[in-house]
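Chain lettering (A, B, C and D) follows the sequence in which the chains are written, and residue indices restart at 1 in each chain.
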Amino acid sequence: MPSDIEARVRESFARQGLMQHLGARVDRVEPGFVRIVMPYGEHLTQQHGFFHAGGTSAIADSAGGYAGLTMFPEDASVLTVEFKVNLVAPARGEQLEAEGRVIRSGRTLTICQLEVFAVEGTSRSLVALGQQTLICMAGKPDR
Amino acid sequence: MPSDIEARVRESFARQGLMQHLGARVDRVEPGFVRIVMPYGEHLTQQHGFFHAGGTSAIADSAGGYAGLTMFPEDASVLTVEFKVNLVAPARGEQLEAEGRVIRSGRTLTICQLEVFAVEGTSRSLVALGQQTLICMAGKPDR
Amino acid sequence: MPSDIEARVRESFARQGLMQHLGARVDRVEPGFVRIVMPYGEHLTQQHGFFHAGGTSAIADSAGGYAGLTMFPEDASVLTVEFKVNLVAPARGEQLEAEGRVIRSGRTLTICQLEVFAVEGTSRSLVALGQQTLICMAGKPDR
Amino acid sequence: MPSDIEARVRESFARQGLMQHLGARVDRVEPGFVRIVMPYGEHLTQQHGFFHAGGTSAIADSAGGYAGLTMFPEDASVLTVEFKVNLVAPARGEQLEAEGRVIRSGRTLTICQLEVFAVEGTSRSLVALGQQTLICMAGKPDR
């Protein structure tokens, strides 16, 4: 991972208005891996007061996209082609942690696994599992 | 559709903190069909200024979920089991319109098709296409 | 559609050992659309005697792939990037008909909708609904 | 795992006409895990001579379904609700090995991860990654 890739991810993330609006932040950046954290708030709920699947999916999508970006050339940007997510348990807790992990990185397409955990005290349990296909837009710098 | 189903959908939607926070609103409710509209704003963007796939997916998920709810008994609520979405074009425009449509409604599971359109002036073009599996929680009223 | 595209699809399909082995055949080829038919037989069953989801998915995948190929340049071949399918009803009947339909065709990626119908006498009902992402391998002729 | 669950899986698998027709066999059964092996043959190919994605998906679907069945009560059978698979590399080699692994097992729904590996000599590499939703049909024994 080029020494500045974490800075690139954080700078790009800061330009994602939606992530700011949801109160999400980048927690960790490694080659092929990004974790995003989002504390609970009423602005994130579905009708029963849990985290809305849409917010859960949004941070999962961003985590995967930036995990992919860590593997791309410096002059490339990333777009999500598609993703699929299973909501495996009600998403309740103090915060959600979304992890994107690159499974296969190609010249054009990159496949990520997406996991979202709900954290409550010392408990951390899987609430969503997904897969994502990304496309590398070569020669189109993210900035 | 029971005469009060539209009211039930709108009342439940109003309790989705995330939908309020994103500025989304219910545009239309029919048996097996719901449309949600979300005007553009910087709070909805990804790093290039387009609608973030996470927001696009969030309203698609809600549209499908409420489309399903229109087919459920009155004492039931709805949960998303999983969804998959292809982002088929950059989501730019004055607003997004997400449509959820029931394809198959069973006692336990309901399958919806999800479409999101970007509207700019008189142009309306598909930006996302998805499929969603819902589960009917019988005996657990939404409220 | 170039005049020879149907011939190209049929010739390529004939080289798919799996399709021959399953007893599937190309029923119809139009620009952006292909239908594949597969008559019932015990070699296609799951444990309860219905069509196995794996066979249903296999012809859906081929139908979508060839629907995509009809939109590609002559010197290109097609690969499936991913697909997702909901099995919306038990697949029983005299034959299955899988239809692939191009939703968005790009230079690199093409998105298809997949539908599989079970036919029994004059009844034809949806048993599977899917979405598929294809990649165009330019400069790599199918043959 | 009840002592007879492996026998139940193998007996049910033996009734899947498609699996027999493809030349697939059950390699391993553990609680929440099943591996299916399918040796290469021309009856399994796509147009370029690799394993067809449809066959790859078929054994992945069966592996996941039986992984789920190992967690079900004895009087229950399993149906696939939906699955999604990314074909991450060309599937070539002496044989494919599909592994289904239960991620979350509920009373009604079970979520599995699906992996397919291509084996060539001492090399074993991931060619497909998927997710699957299963439904437990309680009171409907598989046999």
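Simple rule for what comes next: a contact is a pair of C-beta atoms (placed from the backbone, for glycine too) under 8 Å apart; a residue touches a chain by one contact, two chains touch by 3 or more.
What you see is a predicted model; the values in this text were computed from it and never measured.
Trainee: Quickly list, by label, the chains bordering both chain B and chain C.
Mentor: Where chain B and chain C share a partner, that partner set is A, D.
Trainee: Please identify the chain with the largest separation between its CA centroid and the CA centroid of chain C.
Mentor: Looking at centroid distances, A is the chain farthest away.
Trainee: Find the geometric centre of each of chain A and chain D from their Cα atoms only, then give the gap between the two centres in Å, rounded to an integer.
Mentor: 29
Trainee: For chain B and chain D, what's the span in angstrom between their mean Cα positions?
Mentor: Computed from C-alpha means, the inter-chain centre distance equals 33 Å.
Trainee: Indicate the whole-number Å distance between the mean C-alpha point of chain A and the mean C-alpha point of chain B.
Mentor: Spacing between the chain centres: roughly 21 Å.
Trainee: What are the residue numbers in chain C that touch two or more other chains?
Mentor: 81-82, 84, 86, 131, 133
Trainee: Can you tell me which positions in chain A touch chain B when the two form their complex?
Mentor: It is residues 12-13, 15-22, 41-48, 52-55, 57-59, 61-62, 77, 79-87, 90, 142 of chain A that touch chain B.
Trainee: With touch defined as at the start, can you tell me which chain C residues reach chain B in the complex?
Mentor: Chain C reaches chain B through residues 84, 86, 88-89, 103-104, 111, 113, 126, 129-131, 133.
Trainee: Show which residues of chain A lie in contact with chain C when the two form their complex.
Mentor: Touch residues, chain A against chain C: 81-82, 84, 108-109, 131, 133, 135.
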